[in-house]
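When the chains are written out, they are named A, B, C and D in that same order, and each has its own residue count from 1.
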Amino acid sequence: MKHILLISTKDRSGLIYQVSKILHEAGLNIEKNDEFVDRDAMIFFMRTQIAGALDEKWILATLQNALDKDAHITLKPMAKKSLIILATKENHCLGDLLLRYDSGELHAHIQAVIANHNDLEGLVRRFDIPFYCVESSDDRQAHEQALTDIIDRYCPDVIALAKYMRILSPMFVARYAGKMINIHHSFLPAFIGANPYKQAYERGVKIIGATAHFVTQDLDEGPIIAQDIIKIDHTFSWQDMQKAGRNVEKSVFAHALDLILHDRVFINGNKTIVF
Amino acid sequence: MKHILLISTKDRSGLIYQVSKILHEAGLNIEKNDEFVDRDAMIFFMRTQIAGALDEKWILATLQNALDKDAHITLKPMAKKSLIILATKENHCLGDLLLRYDSGELHAHIQAVIANHNDLEGLVRRFDIPFYCVESSDDRQAHEQALTDIIDRYCPDVIALAKYMRILSPMFVARYAGKMINIHHSFLPAFIGANPYKQAYERGVKIIGATAHFVTQDLDEGPIIAQDIIKIDHTFSWQDMQKAGRNVEKSVFAHALDLILHDRVFINGNKTIVF
Amino acid sequence: MKHILLISTKDRSGLIYQVSKILHEAGLNIEKNDEFVDRDAMIFFMRTQIAGALDEKWILATLQNALDKDAHITLKPMAKKSLIILATKENHCLGDLLLRYDSGELHAHIQAVIANHNDLEGLVRRFDIPFYCVESSDDRQAHEQALTDIIDRYCPDVIALAKYMRILSPMFVARYAGKMINIHHSFLPAFIGANPYKQAYERGVKIIGATAHFVTQDLDEGPIIAQDIIKIDHTFSWQDMQKAGRNVEKSVFAHALDLILHDRVFINGNKTIVF
Amino acid sequence: MKHILLISTKDRSGLIYQVSKILHEAGLNIEKNDEFVDRDAMIFFMRTQIAGALDEKWILATLQNALDKDAHITLKPMAKKSLIILATKENHCLGDLLLRYDSGELHAHIQAVIANHNDLEGLVRRFDIPFYCVESSDDRQAHEQALTDIIDRYCPDVIALAKYMRILSPMFVARYAGKMINIHHSFLPAFIGANPYKQAYERGVKIIGATAHFVTQDLDEGPIIAQDIIKIDHTFSWQDMQKAGRNVEKSVFAHALDLILHDRVFINGNKTIVF
């Protein structure tokens, strides 16, 4: 059995020694180890992949005892996570995840897809995955309650907004803080908000891009997980940009999700650390 | 002898036919031809590389007669352009151009380098190129007059701001409209203004970039010629970003300048067409 | 109605004039035009997007008359092409095309998918597309006859080998010359042949890539349409490379196919011209 | 004072613990730590950046005692290395290093430049660096003896072949094993040997690239440190490829050298590990 140990704590000397000592004494082998110190905030981050049978409680208690009281310590089995996908009408990010799921490549169980339109129902059902349509309505609170009812039935580890084109309330976002990721169709912080391709067309840029980020209360302002771009030229209409952009949207989103599903991402204030 | 013919005019049917007819009847061969129609503004752009001896006046008059009265028509020999470089303290964009000049790769004669500090004097003199230091002063008008005095002595075709870190007045910009290009150290329109790397660090982006653009009266808002990015991660301090960014700054700038020096760029409102 | 005119012929002066004259006299508008001259072989290539009602026969006859007798001239309506996909077991390239088809983005009608294993049958049937399993057998001739029987029933414009992992005979290849494209999972000409990711792993490269090319009689030697790469590092096992490589395989393949489906590719000896 | 500790040894459980224990007991702080296990060869690699005053001898002896007898352990102060550059006629890789040296960015002292032609003498002397011309001759042994005489006078840490276009003998290569890096103007293993751009042109590839690698006895077969590519199209002559390629050659070479100068590269058989 393999586990992932995640630690973030105030930086001081000897942390790697202390952690590796405890793991060593527990007879565990460190297969892969990554550390980083944020020198502005003086926070130490560590992700350790451990092999060997372990007593989870003992490890956590011993580590908590050795490190600072307020150290964040998590120990998780290396296993597929449960995933809910939210979408609207576009099939490319969602479909890409469904294909990866179908081939066994996705490190997750897709529990359900929820959309605010029913355009994607056929696609999702083809893959034998539950599909829920929760149509947008003027009563945002009722709408989000309906979403929450479905989501909480599944207790997902991760919620992936695969081009879910509706703004979510701070209350909804707070409920799933640190679990919900989004794909924005521009290289943030450029072109925040609606129709970034039209904005890009009007500005006459020579690159377009996509940004996967955690969802926070400020629209398009959450911690960035991954970004990439493609080059364009003057012959691209904004519809051409949109078409070309889908390729980078889906690859960035799938990559960011893969990182999340392997516990390779720490949130550090408004930034991420990606091991 | 080879020439470059540049035409921009209101789009209508038959333009390629009319231009190619005139060139054909003049006994000229079209070696390379590019066209583009901006369908929003209905403007036709054409760049034609012509081989053969030609009567410049006759060609221009005949074309002007055949096309709309207000068509923009330019005919230039394919020759090295004259270039003035403005810089401040950083040597990477300037030095890169000097090396390309030294090897004969740069399609230009560097006439002079003007800087507002004298840090780069040694470097420039090593390449036997006139160096002028026009120090920044509180009297912007006097400062820019001093710049203008030097520049106008050389009548350069192109003015390259190779990390010239001082804002220029609208009057100065207007004087050299369409001739002056700048390198901005971010993928515009993200991180406009001062210290984009610090802004990028604070936002926690996963890519940094550079943008070469024509200088217009609105800071960092001119028509974009070329952009590129490099990937970074959480380990980069903003100084690391600055160091890594220099590589993309100099390559984007040299590329954009190469396009300008080969008359491959049309300005189309706030955008560019790059053939 | 729009058409694409494709011309390749021995280069000489006046070709653009002659073609544009005929189109102009036929009352047609050139919406987009691209030319290229291969100066080694002295061949002229031209792709013209034409708007307006036209008499196809008259245009072709008039062009053939004006140009060299042995000029290659094709005139096609801008319309979706018919497509047969061959696959084996991997779902990523095939699935990506199915999704693009499902959203209406693919500029083709997928007529059928043929595979030499039945692993992908479920996926294909989900999209309501005919699926044929023609299992590999020792009798290559019989196997390819079975393939041919199915393919010829559909008369496809294009045959896309979406990770079809079986070598085809020269006779089969010749039958569909210029119509059949393949995706090879390396940046050719590196790592020709079997298991390029294992070869890449053993060589210790820092990039892996994919190449879309026309299929010719020499394995992995056909004219290259598109290539791209991704960066890897020492932590990648060859299985990791394979997983990461799928992303670039599918994007390169979809891009190359899109070019073919829009008649943007000329074959020029063992190279391609991509407009 | 900061140091870099480099360890490679047979993998077994507890290595990180043992190393971090020794460093902790010596009162040292680990500022940055990277590990990797080659699971094929079962070799453990570790690079540790250490802050604090240390007794080098004691550290090395204690580590050697704790680890396997045949563990490779190196402890170096984080300091600029000494560098000799070999070149031929092209100025772009050499010039790029000279500029980085001039601005203080290069983490090295350039001790001398040696070339087999004197074309670059002017450039090098402009930067006040000793230049030696050791012309190629039919007597390879004498030629290499002359090179060796100069190099050994300086005892450089690193020898950078900045487009040195002459094949070196196995004896010469062996003398500087692990210290000498080269830039090859293709994405190896494609286009090994002479004139890769001509080979690339003839194959009709859509990307060209560059590879920085350690020099070993087999031409262009040494462990790869860094690679990158740029996209090209059918309009590129092989001279255009050569010109465009210089940009990627110099950036890949400078990057690889920067990694070497910061002790971030392990050689692992015919591969590298880059931390």
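Basically, a contact is a pair of C-beta atoms (placed from the backbone, for glycine too) under 8 Å apart; a residue touches a chain by one contact, two chains touch by 3 or more.
Keep in mind that this is a model prediction, so the values were computed, not measured.
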item	value
A-B compared against B-C, more contacting pairs	A-B
Of all other chains, the one whose Cα centre sits farthest from chain D	C
Where chain B and chain C are represented by their mean Cα positions, the distance between them in whole Å	37
CA centroid of chain A to CA centroid of chain B, Å	41
Overlap residues in chain D, where contacts from two or more other chains coincide	none
List of chain C residues in touch with chain A within their complex	90-92, 95-96, 99, 102-103, 105, 123, 126-127, 243, 246-247, 251, 254-255
List of chain C residues in touch with chain D within their complex	36, 39, 187-191, 203-207, 209, 223-229, 231, 233-235, 237, 268, 270-274
Complex contacts: residues of chain B adjacent to chain C	13-14, 16-17, 20-21, 23-24, 28-33, 35, 37
